[in-house]
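As written, the chain order gives the labels A, B, C and D, with residue 1 at the start of each chain.
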Amino acid sequence: MDLQTLLQQMINGITLGSTYALIALGYTMVYGIIKLINFAHGDVYMLGAFVGLAVVLMGANIWLAIFVAMLACLCVAVTIERVAYRPLRSSIRLAPLISSIGVSIFLQTLMTLLKGPQPVGFPQVVTNTIYTVGLVKISTVQIIILVVAAVLMIGLQLVIKRTKMGKAMRATSEDLRTASLMGINVNAVISFTFALGAVMAAAGGVLVGMYFNSVFPLMGVMAGLKAFCAAVVGGIGSVPGAVLGGLFLGVAEVLGVAAGLGSYRDAIAFGLLILVLLFRPSGLLGQPEQRKV
Amino acid sequence: MYRKTKLTAVAVIVTLLFLFGIITGCGGGNTGVQEDTIKIGFLGAKTGGHAAYGIPTLNGMKLAVEDINAAGGLLGQQVVIIEDDHRSQSSEGATVTQKLITQGVVAIVGDPTTGITKIAAEIAQGAGVVLVSAGAVGEGVVEIGDYIYRDTLLDKLAAPVVTKYLKEELGWEKVALVTSTNNDYSVGLSELFRTSLDEYGMEIVAEQSIQDGDQNFSAQVTALSKKEFDGIIFTGYYTEGGLFMKEVRAQGLDQVMVGGDGLLASVLWELGEDAVEGSMVYTGFAADPEGATGKTLEFINKYQEKYGELPDMFAAQGYDAVMLIADAIKAAESADPAKFKETLRQTTNWEGVSGTITFGPDREPIKSPVYLLEVKDGGWAIKAVLPVEI
Amino acid sequence: MDDFLKQFINPYYLQVLMLLGIYLIAALGLHLITGVTGQLSFGHAAFLSVGAYGAALLNIHLDLPFLLCLLAGGLLAALAGVFVGFPSMRLSGDYLGIATLGFCEIIRVVFMNLEITGGARGLAGIPRETNLLTVYILVILTIVTIYRLQNSRFGRALVAIREDEIAAECMGIRSIWYKVGAFAIGSFCAGVAGGLYAHMLQYLNPADFGFVRSFELLCFIVLGGLGSISGAILGTTILTLAPEMLRFSAEYRMMMYGTLMVAMMIFRPRGLLGGVDLRRLIRSSFRSRDRDTTTPAGG
Amino acid sequence: MSEVLLELHGVTVRFDGLTAVHELDLNIERGMIRALIGPNGAGKSTVFNVVTGIFRPSSGSIRFRGEEISRLNPYHIAARGIARTFQNIRLFKNASVLDNVKVGRHYRCRSNIWDALLRLPGFKAEERQTAEASLEVLELVGLAHKKHELAMNLSYGEQRRLEIARGLASNPVLLLLDEPAAGMNPQEKKNLMRLIQDIRDRGVTVFLVEHDMKFVMALSEKITVLDYGRKVCTGSPTEVRSDPRVIEAYLGKEVG
């Protein structure tokens, strides 16, 4: 592979990876705080894409579409948490997981009923020009994705580091019980976490819908699973980890395909996942867990 | 506390017995459908990954049944469709097939995919029920038994015809071949193209694999962009096809794509937009209201009126499957599968909405002609009508 | 055999019951791994597929007798189980679950690309050998096996590992051996179930053994009540029959199924039979009167 | 002097630069009730964890009946006859009281998977014997009447006793008790003291870590005091009580 191809593939990989990262953030934050693998998250992402599409079809521009999709997913995610996870918070660990699988089946079927199983095209909302920068080509849509993803991730980092709610989130993820004893409204913090994750996923959904020009009810399944892998590879519970993991996975996949291993591509992603887990169980940026006796 | 748990456990056990009771108790064949009808079963997915093929098939079937019943039914009886959903799962495919058979269907139309058709075919053959698949194109389907038929355009007939056209009329010499490796249809079709390309002395200069469900093809297309070729042969489905071509144009390549009827759906241009302009798709059925004539035109109009969209290949083949069965029943003057499977076998030059069908000596359908369609201004236009030589 | 049964039972019910039996065997295997030993497995479908393809290929190519194929399929799956069990030395909890999930997907991709398994086109031409009697004999055999294992030194060690691995090791239990053992036996069950599945459907496709199927199996045992055999049986029965029962709701079927799952979890967070000790319940129902007066309420 | 059962020589344990135990020498003679005391964070539990193989010492040697065990895994050490309890009670909560104790007999039994499946007479005999032995231990700690309860449903004091029973079930040579009296009321402590003496009288050497000075002084024959991971002194209760370094270690802690 020559340098030009490599660079071009890197750009492709980073674009793909940043969409994984946007979804992965939701997984990682929720896991960090209540140790739940939120299976319905991929479907929230799918809902985001559909809402964004609906707004665009009403004639709005892409920014408004992203904004409305964010709001809608925020409400949906908070409702899901309230209805399906909160009653199970103190029960066995697998209970909310099963509940989230139930929610996921529900959402997928609902959207199949409402919108049909076929992929729906996304109208061209931005004029897609291809720029040549040095050796590589990059399109307007790719630039939008990279910029929006970067802005959102920096924004998220600011929210977590600078705001009172962010501090409460960090405290809660350290130790939920202690945090509640310290007077932190844990329920509000958890709702907020779900909301933040949903907002990121919704943006991801609209961007992916626009980039790949297709939106369909099962789009969250594989994307969700991959993003979840990205979160684990990066170190689940760690926000920068999710970003790094997403980019890492995106680039690795694209390079794998470029190397002619296309039909084994999913195996590459999961093989990487297993390797990372075996040699660095807490992920690339995760806190190593101390064995407590 | 103890009391409560105990009560729950008892309730649970009772529920369990109840469920078992429902399942085993009413073992007979009480299906709730009156006896003086001829029942045809629909086997396909209404939810899950294959719903996009199942739903149009069912729509086409319903239209056929309406037409038959409006014309006075079959052998003086009304035809009804018994439908159920296997949510794209093989195991449920078997369950639904069994269920349809217990409900007394004489024939089953489906499944649109080769895999589940094979599962269902084994069961139907065992139970002596005719099965006509309105979508299976893979190998080894009708070989399962003499009750099993299909009314699809077989790629092993179409691929050589199309390859010949590409070479002789369009002057292609070098092609890129793109296969979706988790799609049985695509893997099979690529194999057929490899053979026929070889036969006509054309060269495959690049091969790329994709997967169904992929949305990002930048890596594959970047790899293709290093090679020189006249066109892309894409054997996957329309969703990936449209997105793939988008990426091809995004990376500044100007070749067009040729593919099988897996690409045939409006989704192709909805997703691919300008990028699929000029791409070609071969099919045994073309929903072209301007170009169509006779039966086909009538079907297209009725379908559009009823469902608000143009019928696709699955809809047309679903319609034809029901009609084939109906005509066989008429010819046999009996709705007994053992009898009308024989008349079905003798189908020759039968005019359907999806083309002319003859069942050959191996009971495989020979469909002619093959339509080569081209995407033009966000719609299909017939580029060539290629006869199939038998 | 089935022809004989078909005179009494409608073949549709026969089919559903057969599938139920197959899922029961697989779910009981997962019950041993996750319910008893506490090792989270999100990849049980992989063992199912190894058994299914193994048994089917042996039958097709070597023409071995059916039961031998089942056994061989089970053993192959057990081998895969041992292979997956070893990471459990380094990984625990969710991380192990995620690793098994990755393994499951890798197996699926491999089957999708191998020539001998028919790749994405699937494997057809498997003779139909599975019948209701075989399935339920094997179900009973599985139940007895798991029950006996659970009530032995081996089973107590597994429970000890689930409850507290460090304490278990300090009691002289070499946990890795037992964890790998549980994986091997659990996946053996799945492999046998896979063999039955292959010889029932007569066609296999890698797409049937994705992670969704793994989670389905996990739902079976968690919904029934994690850690109890009766719970695994109940959960599997309800969740296998529910889609059939819900057929009346047509398009809304899977929505109802999803809602049912959430509702069942919320009303019985520990599973339907979670915290219910059936043996004690039966014991107490024979002398319930004196229990009420002498023993303080508990459980 | 009787036989030295357990011998720690120059044992050091470090975690990420933090030294939890420093160059510890310690001998435990057979048939004794031996105690290790010290202020919070002195490294007492770490000593137990190192002896039972949960941690590996950074340096130094641990010999049990003359055999080096510092590189062995917990299950190997258990099989050599060292049983223990834990400071923060680590019972198998969702298993019955009887099963908890039966697990303690794990390496005393030989039956394997095939025996369990086939239920041959040998297996049944061993199971019966396991049940009898376990019940006997439960009698000893006074929990026989609760054998079918789940461990999690026991009171705190009962749970501590069950942990001791579980350790005892393996017929250990040496029993390590990590704060056995924590959270108990005076009456329970009195009973516990009697129980520990009983255990010693059955020939089991007891090594305990305890916070309650009164309890330790009344029970043990020899005490080692640990502070900041270093040994302060070793001696009889009277010697330890009057040692100025001990008083400093405790009082200094409280004042500072």
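Note that contacts are C-beta pairs under 8 Å (C-beta built on N, C-alpha and C of every residue); 3 or more make two chains touch, one makes a residue touch a chain.
Nothing here was measured: the structure is a model prediction, and the numbers come from that model.
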Ranking A-C and A-B by C-beta pairs in contact puts on top A-C
Suppose chain centres are the mean of their C-alpha atoms. Which chain sits farthest from subunit C? D
Innermost chain by mean C-alpha position: C
Could you tell me the distance, in whole angstrom, between the mean C-alpha positions of subunit A and subunit D? 48
Just curious, how far off is subunit C from subunit A if you go by their C-alpha centres, in Å? 31
I'd like to verify one number: the distance from the centre of subunit B to the centre of subunit D, where each centre is the average of its C-alpha atoms, in whole angstrom. 71
Between subunit A and subunit B, the Cα-mean centres are separated in Å by 35
At which residue positions does subunit C touch at least two other chains? 112-113, 166, 251, 253-254, 298-299
Name the residues of subunit D that each touch 2 or more other chains. 54, 86
Which residues does subunit A have that touch at least 2 chains other than itself? 109, 263, 266, 293
Residues of subunit C that touch subunit A when the two form their complex: 40, 87, 90-91, 94-95, 98-99, 101-103, 105-106, 108-110, 112-113, 166, 211-212, 215, 218-219, 222-223, 226, 251-255, 257-262, 265-266, 269-270, 274
If we count contacts the way the header does, which residues on subunit D are in touch with subunit C in the complex? 52-54, 73-75, 77-79, 83-84, 86, 90-95, 99, 102-104, 106-107, 109, 111-113, 115-117, 119, 123, 126-127, 130, 148-150, 153, 166, 170
Okay, in this complex, where on subunit A does subunit B touch? 5, 8-9, 12-13, 15-16, 109, 112, 116-121, 124, 128, 130, 137, 139, 208, 211-214, 216, 218-219, 222, 253-258, 260, 262-263, 265-266
Listed in rising order, subunit B residues that touch subunit A in their complex are 47-49, 51-52, 55, 181-182, 208-211, 213, 215-216, 218-220, 222-223, 226, 239, 242-243, 246, 250-252, 265, 267, 270-273
Subunit C partner, complex, touching residues on subunit A are 31, 35, 37, 39, 83-84, 87-88, 91-92, 94-99, 101-110, 113, 221, 225, 228-229, 232, 236, 263-264, 266-267, 270-271, 273-274, 277-278, 281, 293
